[in-house]
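Chain nomenclature is as follows: A, B, C and D, assigned in order of appearance, with residue numbering initiated at 1 for each chain independently.
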Amino acid sequence: MSELRVGIAGVGVMGADHAERVVRKTSGARLVAVSDADQTRAEALAARLAGGSPYDNVRVVEDPLDLIAADDIDAVILASPGFAHAEQLFACLDHGKPVLCEKPLTMDAASALRVVEAEHKLGRQLIQVGFMRRFDPEYDALKQLLDSGELGRTLLLHNVHRNKTVPPSFRSEMIVRDSMVHEVDVARWLFGEEITRITVRTPKPTSLVGDGVLDPQLAVFELASGAMADVEVFVNFQVGYEVRCEAVAERGSATIGLGSGVFTRTGGQWGGAMPADFRIRFEQAYDLEVQRWVDATVRGEIDGPSAWDGYAAAAVCEAGIESLSSGRPVDVALADRSKILG
Amino acid sequence: MSELRVGIAGVGVMGADHAERVVRKTSGARLVAVSDADQTRAEALAARLAGGSPYDNVRVVEDPLDLIAADDIDAVILASPGFAHAEQLFACLDHGKPVLCEKPLTMDAASALRVVEAEHKLGRQLIQVGFMRRFDPEYDALKQLLDSGELGRTLLLHNVHRNKTVPPSFRSEMIVRDSMVHEVDVARWLFGEEITRITVRTPKPTSLVGDGVLDPQLAVFELASGAMADVEVFVNFQVGYEVRCEAVAERGSATIGLGSGVFTRTGGQWGGAMPADFRIRFEQAYDLEVQRWVDATVRGEIDGPSAWDGYAAAAVCEAGIESLSSGRPVDVALADRSKILG
Amino acid sequence: MSELRVGIAGVGVMGADHAERVVRKTSGARLVAVSDADQTRAEALAARLAGGSPYDNVRVVEDPLDLIAADDIDAVILASPGFAHAEQLFACLDHGKPVLCEKPLTMDAASALRVVEAEHKLGRQLIQVGFMRRFDPEYDALKQLLDSGELGRTLLLHNVHRNKTVPPSFRSEMIVRDSMVHEVDVARWLFGEEITRITVRTPKPTSLVGDGVLDPQLAVFELASGAMADVEVFVNFQVGYEVRCEAVAERGSATIGLGSGVFTRTGGQWGGAMPADFRIRFEQAYDLEVQRWVDATVRGEIDGPSAWDGYAAAAVCEAGIESLSSGRPVDVALADRSKILG
Amino acid sequence: MSELRVGIAGVGVMGADHAERVVRKTSGARLVAVSDADQTRAEALAARLAGGSPYDNVRVVEDPLDLIAADDIDAVILASPGFAHAEQLFACLDHGKPVLCEKPLTMDAASALRVVEAEHKLGRQLIQVGFMRRFDPEYDALKQLLDSGELGRTLLLHNVHRNKTVPPSFRSEMIVRDSMVHEVDVARWLFGEEITRITVRTPKPTSLVGDGVLDPQLAVFELASGAMADVEVFVNFQVGYEVRCEAVAERGSATIGLGSGVFTRTGGQWGGAMPADFRIRFEQAYDLEVQRWVDATVRGEIDGPSAWDGYAAAAVCEAGIESLSSGRPVDVALADRSKILG
């Protein structure tokens, strides 16, 4: 397989985002086709992607099951509504197509279990679920820290999950199924075991939400080994988006979601790690530099520091080296830019 | 141009990093060839890239000038030693090849100016210099904040540039030319004007460095409009890598490099912005999720949450919704994993 | 009353601390007497206080009830064991003596209620309980912020209460009665209403504690209006002492215990307030400066910057003003210290 | 000496603040008299202090030299204008009176040196200068950390000193003499050596200041051993009051003024220390609790948690202990407050 040919079923907010991602930010993959119940939306997306990026043509397929079956599609991203997942997942299994399925896997535990069983019967894992926090560098670093045993056994999680606002159609059950579900996966993943018991409590709701919506919610998870997690989910927090997780272990605690990597309290200290190296600190900058250079070059443009910027820096450094040896201020003698560059 | 065909001259630490980046993380570009004075190093890299990523073949070219001239190469990344840049840049200009040139542009101001003039004569900008901080999301956000005028005119920069250690061969002048040069570009770029005067002072050096190396250094830049910047460069800081920049303006200050985005002091408050949205917070997680799914799928594997993870989450959420309505703890009835999955 | 004459019953860790406080850091009060079941301990303390501070004589009284009854004692601090409180509080009420009583008020709710009733019958409030968090500047600022209504109604508290370690004799019930009790008071005080329901859960205990001790504990408080608080109490955290409280309200959250005043998330921002003024920032420094000057002066000494320090600063500033006008470095011509001061 | 009898010369903002401090917050001292060029101001202060605090009578003395000479005054605080200091300091020396003199010691280096010499001739140190940062707990902790040698030799200081605004009468020289002077003392004190050279630079001034005032200023201090400090002083920063000091040493850096104690970067980590103990964390709360209890008791009042608060906490804890053993939620059965307390 030289390049993975991908089809996306469902191109609402999340699916369109994934389509852009496959086209512009993912190497080794090519977006071949999209489908959506709203065909106009799918066509607009395909046109937009083609326009911005001449090296990709994306066709629109009417029926998602045809997309899944298509010979020129190696793998599928499901970003369709949750109620459509079961049928589409079974189709992926039938055609032996690897699939990245946005959460929820299906709408209830019974149908989800049937999917698990069908995949197991196939004898081959094809399904990945979109619990993308496991890929967040902060969560990943937290998981590594806990697994290292450095802090001892993990005892408790305190999780906070806040959205600025959600539409009025977002009901109490959706707070559990669409938001808290991420915390469910985080707890299972970080502890490496199943949740055996859950209590969801509802404090008196915020007044900034429609009648009958129980927001915020406060859940307690109990895990197989006796560990616990408490979780606040508050989807009308007004302030912004916030996801935070503090793991409390026998010899310290570690928090992520503060915007500064893994924040620990251990050994009598609070704090975090310094990057050892410029490549760690500036990895994203290098990636963006090269990607933007590629994109601008394809357009026949420069989108970054120019030769003049290189020259001006050289002139200042020369003066700096003179100042270094003399210990005195040195004027920078720069050529007249307007004479050189017109 | 369907895909940009890239050649890289020089595959030491930085060039090899760029080669990986083009192959694995950059969309719309393909790595066609590499060259290096150390041919063995170039061949090892080409082999490694081919092994990890079957969809890319990279050839090794002996002479960097041949690489620059090659018909199947649209654009060049120069990561060769600084002393080789001038000749290679002139070759790029001769062949009309866009080039991303690692700093320094050339070794001194006079030759750098000749490059600027040659490019200008060509009537077309082809050269971009590798001042990659301009692409760092934090620097970018700082630049936008300062340019917005929200804090008034910028008056001062306080910059800190620290490396954990550098090799003993790293001499006092290199601290200016290879490290401080980034601060030179940052000051020019953030203020949008030229530096007209520089003073470099040398406090009594750290004892953890070879004799005669003046480290740390303390520079003051004066800019055309009368603004100033002070810069600490300390390349044997022992602790880790740290780059920090505080801009002091008429109505507040803004600092980056603390690991938490743009930290401001303005309007009687200190702090930063909350992300409005999960896509901002988890953009990198989504990118990694899809990239790793693509890579694993090509290998015929799963590298993320499985169908079982999707099922287990569904089962917990179902119990949670029951607890939500009853207000009581609810046990999670999970199928027996070993019976289902064997 | 010119100066409050205080007696302290119980001079273990807390009582001895209060004794020092009254003698050395409290204006308008004088420590007249102490009592303790361990008479030797009381005598050692009295001697120590007299030695360090010539202006205070403290007598030792054998029976705490005699101390409470003494004519030359205006008010009492009770730092005796909790089981002794009830009898001593009734004695204070009988003698009309104001009393600051360390928590717990008494050992159970029934006896505490009898104390409340007895005081009420007296028609005069004499009893204050040692819930000292209400006096912590951070808690105080949090209370003011919540009461201001700026963040809307308070919905939830997340409290964390951690000790480095406690003695092996500290049993599960004591975690509730001696540690969690502070969180009980904090929740009642911040919400301004009573707690109507409590659930205490016990995750699998840390292995760094004796058999049978359930540590950490995770409690949920439900308040009269429907608001809630979750509380982690973990008295063998190993790392250090940590008390944290995050209040979640309709339009933002506010956290204290991070060591940086009230940390808020509101209006799309995270952060805190800058002090407006040097007296706020340096209030404690001024207090300490004057107190230490007084103490040193009484001893006939200097304990702070000397006249030479004042002179040296003046010399540097004079040179600085010259540099300000000339724009050049100016050498500081300091007199020869050894010639002047010998 | 049973209690130090203090007189204060000059009761403007700073002197009045010190008067309050001596009366209300300093143990072992009594304020006996004040004087001020503005007699009305002195009388108003004396009346106010007497009103608030029945146990202190303060008389007003017309001539500060009479105050210094008075038999019932053991020690003097000078908070008069700087130009009056020299004469008043000589008077203190003549009468052998210990004196805490607000900075500046005198108005220039020559007169300051005469004061030093006169005190030295007396053979007894009587003069302390009001460089109160040495008493700030954060500066004190920074000094201790640097002196411990843990970070190696200190190489550089980066100091920032910002005021929200100053009156228009605050001229460029005053920025040096009244603001930067604190940084002068901090540098001398932290390095433990004299400053030998100073350069003061003036970036283009903020537009939010009167014509001709050079604000901000950027100074570089060079110390005897070759260490250096750079200092930003910006007295019209608009945002608030900010004083920050970063010490850069051979094996790490330490910053204070961030509101979170000593923030270090060392050993590959950033962060700070956790308090070991509740007495460290809540020292100020205990001090305030007892002081406010004393003050309220003198007034015949309660100013803190009441007996009811003690009872309510006991009732919740009793229910908590029941929940701890049963694992179930337990209702809190509280007596009817209105029936008990009427």
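A few notes on this one:
Basically, contacts are C-beta pairs under 8 Å (C-beta built on N, C-alpha and C of every residue); 3 or more make two chains touch, one makes a residue touch a chain.
Keep in mind the model is a prediction, meaning the values are calculated, not measured.
Seen from the Cα centre of subunit D, the chain whose own Cα centre is farthest off is A.
More inter-chain C-beta contacts link the pair A-B than the other of B-C and A-B.
Distance between chain centres (mean CA atoms), subunit A to subunit C: 44 Å. Once the centre of each chain is set as its mean CA position, subunit B and subunit C turn out to be 48 Å apart.
Rounded to whole angstrom, the centroid-to-centroid distance between subunit A and subunit B, based on C-alpha atoms, equals 20 Å.
Touching two or more other chains at once are residues 201, 220, 222, 239-240, 242, 259, 265, 268-270, 272-274, 276 of subunit C.
Across the interface of their complex, subunit B is touched by residues 152-153, 155-156, 158, 160, 201, 203-208, 216, 218, 220, 222, 225-228, 230, 232, 234, 237-240, 242, 248, 250-253, 259, 265-270 of subunit D. Across the complex, subunit B meets subunit C through its residues 264-265, 268-274, 276.
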